[in-house]
Amino acid sequence: MTILHLVRTSAFTDDSLKQCLNLIASADQLFLIDDGVYNIHHSLIQGLKQPVFFLQQHVDARGLIAGSQQRSASYNDLVTATLNAKKVITWQ
Amino acid sequence: MTILHLVRTSAFTDDSLKQCLNLIASADQLFLIDDGVYNIHHSLIQGLKQPVFFLQQHVDARGLIAGSQQRSASYNDLVTATLNAKKVITWQ
Amino acid sequence: MTTFALIITTPPTDNKTHTALMYAEAILAAGHQINGVFFYQDGVLNANNYVLTPSDEINLLTAWSDFHQRSATPLHICITAGERRGLSDNNEDGFVDNINKNFTISGLGELVVLTSSADKVVQL
Amino acid sequence: MTTFALIITTPPTDNKTHTALMYAEAILAAGHQINGVFFYQDGVLNANNYVLTPSDEINLLTAWSDFHQRSATPLHICITAGERRGLSDNNEDGFVDNINKNFTISGLGELVVLTSSADKVVQL
Amino acid sequence: MSSHQIKKYAIINTSSSFNSSNGKDSLDAALILASYEMPVSLFFVGDGVYQVQAQQNAEAIAAKDYIATFKALGFYDIKDIFVCQQSLTERSLTTNFVVASAKTLTTSEIKQQLLNFDVVLTF
Amino acid sequence: MSSHQIKKYAIINTSSSFNSSNGKDSLDAALILASYEMPVSLFFVGDGVYQVQAQQNAEAIAAKDYIATFKALGFYDIKDIFVCQQSLTERSLTTNFVVASAKTLTTSEIKQQLLNFDVVLTF
């Protein structure tokens, strides 16, 4: 069973994403929400082994265009991701 | 006349110091207060041309030991620095 | 059906709180249950009856109240955190209880009860 | 003598607010004058009469009130920011004015007046 | 106490659009300054550059659409809107701004600009 | 609703000592968990490592000295206090901790440790 990591802040401003990536295991999932979706264009997540999801509504609100490496998700997908993980760590 | 830059956050966590250093002029002053005093050991301020002051009480509270390159200051010194500057920019 | 406990630490002036509400709604919509939402730190401001928002903006107090009334999900506030931020259950001279009735006044012990009894714990 | 305007945006739960008070004290101790302190954003929580702090911790409401009474420095709060955070000057049913009397209820216009008339403006 | 006089204000925005109320609170301050006929220039640096991006949609997250007000800044005589080029580049952002009059400046140019103001506020 | 059961908690502290109330609020949560006999381990990463440094003096800034309570964690049966070695090194900090039982771990070791918990909270 894996850990779902929720990242809620921009890595251009603070170090939450960095702390998360220091501790994320290869079987874990990374889910970007709130200002965390700004990280879809941050160098830290390029080439990550773990799947990276982002909340589509939060990307839309910020006028961003996601790359093809990350996966669009809904709130329902976020609930499913929570159910599939053993536990959740929120980085905010 | 110069600008007094007050930095109140740790550059290990956020980018306020970085933003400040992007815009500080060579005649300006840098004054570290609150969590900004953690920056006395940050690589970004090593070798800066500008004088770097820190509030001694805030260093004491955090159990830090300042290096010799930065200058200890009191609240009264902070008032004096404000008087000597044309204006103040607070990075927080 | 899976049971959830949610911990919310952000104030109504922060859009992250709206995210937490949307997530809570999605949990129920998927057929699961939230044993309780625990408001801690600045999150307690969500329960403040005195908070006014302009009419063209979402009022999170109304939104949480509506959520509670539709779902019967318990909304707990940490009273110690509340007292530090202007919430009061006091009705003595100069005070009026300003904690919205859709919220339950609790202590940190409730955080333990909720998180230890739920299948999933999510901090938002 | 130099005149100052201070802008404070941090709540009483944040130690940065204590820094602002110490700085204000140092201005006066050096023989200068503060035309006014303007509390904006989360800073308005400093004026909330309902805020309770444990007896072994500094109470910033008491500290600001004392500062005002000793120095007659005007302490302004932005009422719009206040209303979003549970401050109210309303005494109608279910409300009691909870804005401490040592603070003046103001709008953002006061920010303009204070900062444009003072020799030095410092945001803390 | 002296009565107020005309001063030149710079407001430096370092916060993203919706994470805190900084963006909206900053804009409110800029508009009130302008209504008192104070010259106001707006700077967007760091994550502040996200605020001026076109295509934002506050309604998607039930946030107040203060971004739309940027388009009306000209009516308030706020004409100087400066966006940090370096911050845009770091974030892979374009100059597709919500307000047509926004100009990009290098950090050196912003540094020069800052000499012109009496008061600098940050949000 | 099921009644509560014993779960293993990890609390990850990422905030410095006094900038927000996170440090104190986290400790309050840890103590109450322990009083309900839940096993609790504390992790300090990023700026959180400042919290466990010796020689801090909260009184110098009129802050609540919650740091002193770290010394009493053993009485609450909180024995696992882990500090990120990498975060210490980045900040030029020593292992002169306020609580003698604190141990340094590498990020790989912390990653392994995290597998052992049912609930992880961050402050």
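Couple of notes before you dig in:
For clarity, chains are labelled A, B, C, D, E and F in written order, and residue numbers in each chain start from 1.
Just so we're on the same page, a residue touches a chain if its C-beta (ideal position, glycine included) is under 8 Å from a C-beta of that chain, and two chains touch if they have at least 3 such contacts.
This structure is a prediction, so every number in the text was calculated from the model and none was measured.
Of all chains in the assembly, those touching chain B and also chain D are E, F.
Of the two chain pairs shown, C-E and B-F, the one joined by more C-beta contacts is B-F. Each chain's centre was taken as the mean of its CA atoms, and the one lying most distant from chain C is B.
When chain centres are defined as mean Cα coordinates, D lies farthest from chain A. Note on chain placement: the centre of chain A and the centre of chain F lie 25 Å apart, centres being C-alpha means. If you average the CA atoms of chain A and of chain B, the two centres end up 34 Å from each other. If you average the CA atoms of chain E and of chain F, the two centres end up 39 Å from each other. For chain D, residues touching at least two other chains, in rising order: 13, 15-16, 19, 84, 121, 123. Looking at chain F, one finds that residues 18-19, 21, 46-47, 61, 63, 119, 122 touch two or more other chains.
Residues of chain A found to touch two or more other chains are 12-13, 15, 34, 57-58, 87-88, 90, 92. Inter-chain contacts, as defined above, occur between A-B, A-C, A-E, A-F, B-D, B-E, B-F, C-D, C-E, C-F, D-E, D-F. On the side of chain E, the complex with chain B involves touching residues 12, 14, 45-47, 84, 86, 107, 110-111, 114-115, 117-120, 122.
Interface of chain A with chain C (complex): residues 6, 8, 33-34, 55, 57-58, 74-76, 78-80, 82-83, 87-88, 90, 92.
The touching residues of chain B, counted against chain E in their complex, run 3, 15-16, 18-19, 22-25, 87-92.
The touching residues of chain C, when paired with chain D in their complex, are 11-13, 42, 45, 48-53, 83-88, 94-96, 98. By the touch rule above, chain A contacts chain E in their complex via residues 9-10, 12-13, 34-35, 38, 41, 57-58, 60-63.
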